[in-house]
Every structure is written in structure tokens, then in C-alpha cells.
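Below, subunit A partners subunit B and then partners subunit C, in two separate complexes.
Up next is the complex of A and B:
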């Protein structure tokens, strides 16, 4: 998601999330809403990457491209963008520019 | 001192005085009432429980009091008081025991938030607990009661009490409320069963209460380690089929079957995850109790039933 100046926004995971791997799934507890989110492997990978360092849509696409099946690699950009939007809407990641609550 | 050692007159005196305190394990309740038939019923169904001194500190105080107004004589009613508050409109006078038991359940479910409370039956073999969470009408009580007559220790018919400190399951023992056909099924399974009277026309049909065994009542302060979780579903005519459940799906089903998961927030989340990580989880569709029990026996004897916590 490019900013007004054309640069890509970067995202970080909220620092106060609680998460647990149960089987192949990742359960994430949101500390404010107390909602629990069940993330699939791709979303979990993005969230974990965002917890290690700020991530942009291109950096996430690069991560996903190595993991996706051959026939899905062409859409890695779209998937990365979509996952960042979804996780951001859930309040699990925040843009670095709004990092105060993270 | 045990409740039956008070004698019916002694129980009656306590019910009309400071209250009859009963130690249920994870909680203690105080019961007060002026209803004539309750002393003998409580002596029978709670006879092997320890008396808790009253006045004292109780998790819930329940009072059933007959409505004395003259216009109530045609349709007698009782009032249910919880911790000194009358939270409900009066109830019909003819089902005092189901009302008392329901009142205790309501009080415990809404007040005992120092533990994670699952709506579940719990039995144990040795120190390994089998948790049977289920929605009403799923055959949970029947299966729990039946297991308690087949070599399993009964910890609770209604509450899976997970202690937050160590994730152990605490007994919260009460008489088991059997409904409709289950009453005869259990009577046939164990003719020596101590049963209270059958109450027809309750909200759940005919209800009768089964007293826990004396050995179960003596063990109300022995926790057990959660080893297996089984979600039962009674389907008439079915045999018995046990299917493994994915951990994430188990989480969702346990959270839905919890009385206070939403109250505990992060503590509830961590406790549920810990329990799921150290247990095996299955769904059980059953119509044949004996077949269901043999599946459960095999599950509890096998390695899947509860890895030792690391």
C-alpha cells in the first residue's frame, strides 16, 4: 500500500498480542478486544514476520513467493497486500507511522 | 462431619437457621430453606458430603423460601434468593429440589471466576481426568453418570473446573440431574443407585437426581490432570463413534462451552491453550452407552490420553 509519496507503508505486529500454535493453526488473542483469531499458515507467517521487523507489501510478497505452490506464485503480491490489509483491519498489525499502540 | 450424620432433624434445623453448609470441593455452598421436604432429600443426596461450618464464608448462599402471602395458597410458590438478592420472579412450589440445584448451578456459574469453568461433566481414572463438554441435551449427564458407575470417579456433572494456577481439574461434586429416559437407564445400570424423587413437568421434562458415591464425595479435594476431552452427542440408534478433533477446533468448542471464558480474557485463553496442548480431543456420537464406554476406556488407557506436562 503505497503512501502519498509513493513509498510502501511498513507494518509491525502489536507488541502485546498473545499467540499460540495449536496443531497447524495459529491462535491470536487480541489484548484489547479479547477476540481470538484463527490464522491460516500464510497469515500466521505474515504476522510472525511483522513481529520480528517492520514489513511492507513487497517484502511480504518475497517471503510468500518462496512458500507458495508454483501456480500461486504469480499472485504473491496480491496475497501479501490482502493479508496485510486483513491483519491491519483486525488490529493485529499497525502501520509503523501509527506505532504508538503497538 | 458428614451431612447424613446430622440426621434429618439436624439438617432441618440448619436449613431454617444459619444454613446448611456443604463442601463441594472447588466451592462451598450454604443452603437455607423452610421447605418441609428438603431436609430428607438433602440428607439422602448430599449425605456423604462434608458439612461446612455456617455461618462462614461460602461461594454461594442459596435460599428457597415459601411465599407466605394468603393469595398464594391456591398456587403455592417459592422465592429463590442468591447471596441475599432475589434475582428472579417466584417459582412454582412443586419442584423444590430441581429449583435448588438450578439455583446453585446459576450461582456457581456466575460467581466462581477464580477458575476457568467449562460446561462439562468430568470423571477420572486414577489421576487422569476425562472432560466431557457439551451443550444441554447432548447426553452429557447420562454418559457422565454411567461412567461413574463403571469404575470412573465422578468429579462433576456440570462444571469442568480448571484451576488457573496449575491447569488441574478440581472436583465440584453435586448430585447428577438425570432427565427422562436416562433415569431408567441408570437405574438399570446400577440398582443400588441412590436416586431422589422424579419431578415431572420441569423445563427439561422429568428430572431425578442421582447421589454421588461415598468414595467420590470423600475425594472432592483430589484434583486430576486433564488427560482427554470428549464432546459427546447422543443420537438415538447410533452405535458409538469417536473422532479426533483438530486443536484449533477444540479451542472454539471449549470456549463456547465455557461459563466464564469471556470474563477471564487472557487468563482463559492461556488456560484453554494449555489444556488443549496436553490432552487429546475427540467428538463422540453415541446411541449405545456400553459401546461409548468401551471407546472411552480404550482412549483413557492409551497414550493419546494426556501427555505429561513438560
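Up next is the complex of A and C:
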């Protein structure tokens, strides 16, 4: 999502998340909400990327282009935006300026 | 298990994944705190309950009892006030400030003491209760804090 000046917001994963692999999926425990979330492989890969370095919606889309099945690649931008909203609303990722749990 | 960098997820084959999906898993033991977490995300609804409530009108917001005093000025009742640590005496009915700090000016008197239930604000980033009960912004609480429906005890 662009800022007012047109630049893209960057997001990082909360540093205090706890997770465990479940097959190709990822179980993520949020220590503040006590919610447990199940992320499929694509969502888990994006969250993993956010734990390594800040990601924007376009960079998430690029990751998805690399990982998604052929018939989904054309939708990567929209899927990335939707995923960013989901992860952000659940508090799994935060804008770099508000990084929490570090 | 605290670093995704240590993940073994490299085995996933590129170009094979389904669209990303994020689900929230229910857990009976986590239900009370899960509802608390959900509450932390509900502030976008813009709900602003009364900051102070009388115990007889207890509601479902996260509150704790605070001391209040009934003040008078030269023998005339001026209402019930909460001594906010940052704002001084504040009328619990309309949030108007008395205009002085913790020391009462000449002519003002404490007539009696009592309790009111004040909203407890929680830091969204770490889930911790704010140290001071303070009105934040009486006309619109701070965007960085939120008080919640919760089953937690104050």
C-alpha cells in the first residue's frame, strides 16, 4: 500500500512470533493475541520473507510470482495485496516504523 | 523455534504453490485470550465508551476502580472529580478540567471520596496495561491505545 508520497510501505514479521511447520504449512502463534494461525505454503513463505527483510506489496508479489503455480501468477499482485492486509490485520506483520516484539 | 530463518521450508518446489491462505485456529484453552486478542483489533470500529462508569452500571469494557472525590467551592457542590496524573482534577461527568493540579486552591474542599470504574488502556504492540489511568484525550482517545471487552481480571 503506497504512502501519501507514493512510496510503498514496508512490513516486517513480529519478532516475537512462535511457529512450527506442519507439513508444507506453518502454524504461527501470536504471543499477544494468543491466536494460532495456519498459513499455507505460499503465505508462510511470504511471512518467512518478512522475517528476513522488510517487504512491500510489490516485493511480496514478486515472491509469489516465483512460487505460485503457473495459472496463478497473473494474479500475484492482487494476491499479495490481499495477503498483506490479512497478515497486517492479524498483527503478524507490522510496518517497519512500528516494529513490535523486537 | 524463534527464527524463521532456521526454517526447513526450502523443500517447497517453486512454481507449484496454491494461492496464499491464512486461517485462524480455534483452541478451547485459548478462547478467553483469543477473544482478548480479537478485541485488540476491534478499535477500527471507533467505539468510545464512557471513560468512567459507576459500579452499579458495570459494562463489558476492561475497567478498574479508581479513586474519585466530590469537590465543593465555597460551599457550593462542583461535582465528582478524578485526579488524573497528567491533567489534574477532571469532572467524571463531562470530562471538564477543574483547571488546577493536585493541590486544591483556596475555597475548594474535598467533601467525600468514592470510586468509579475507569477504562483500562492496553498497548496494542505488547498487550501491556498502561501504567497510569489517564484520560489520554478526552475528546478522542489516543490512536495508540485501546480498551477492550475481555474476560481478564483487572
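Before moving on, here are some points about what is shown:
Everything below uses one rule, namely that the second predicted complex is superposed on the first by the 99 of 102 C-alpha atoms of A that agree within 3 Å, B and C clash if a C-alpha of one lies under 4 Å from a C-alpha of the other, contacts with A are read in each partner's own complex, and residues count from 1 in each chain.
Here is the rule we use: contacts are C-beta pairs under 8 Å (C-beta built on N, C-alpha and C of every residue); 3 or more make two chains touch, one makes a residue touch a chain.
None of these values were measured; they are calculated from a predicted model.
Touching more residues of subunit A than its counterpart among subunit B and subunit C is C.
In the superposition on chain A, A:43 makes contact with subunit C only, not with subunit B. In the superposed pair of complexes, A:23 makes contact with subunit B only, with no contact to subunit C. Contacts of A:91 after superposition on the shared chain: subunit C is touched, whereas subunit B is not. In the superposed model, A:51 lies in contact with subunit C only, and not with subunit B.
By the touch criterion stated above, A:34 is placed in contact with subunit B and with subunit C alike. In the superposition on chain A, the residues of subunit A contacted by subunit B and by subunit C overlap at 18, 20, 24, 27, 31, 34, 36, 38. Within the complex, the subunit A residues that touch subunit B are 18, 20, 22-25, 27, 29, 31, 34, 36, 38.
On the subunit B side of its complex with subunit A, the touching residues are 246-248, 250-252, 255, 262, 265-266, 269-270, 273, 276-277.
Of all residues in subunit A, only 13, 18-21, 24, 26-27, 30-48, 51-52, 64, 66-70, 72, 75, 79, 82-83, 86-87, 89-92, 94, 98, 100-101 touch subunit C in the complex they form.
Of all the residues in subunit C, the ones that touch subunit A in their complex are 1-5, 7-9, 12, 14-25, 27, 30, 33-34, 36-38, 40-41, 125-127.
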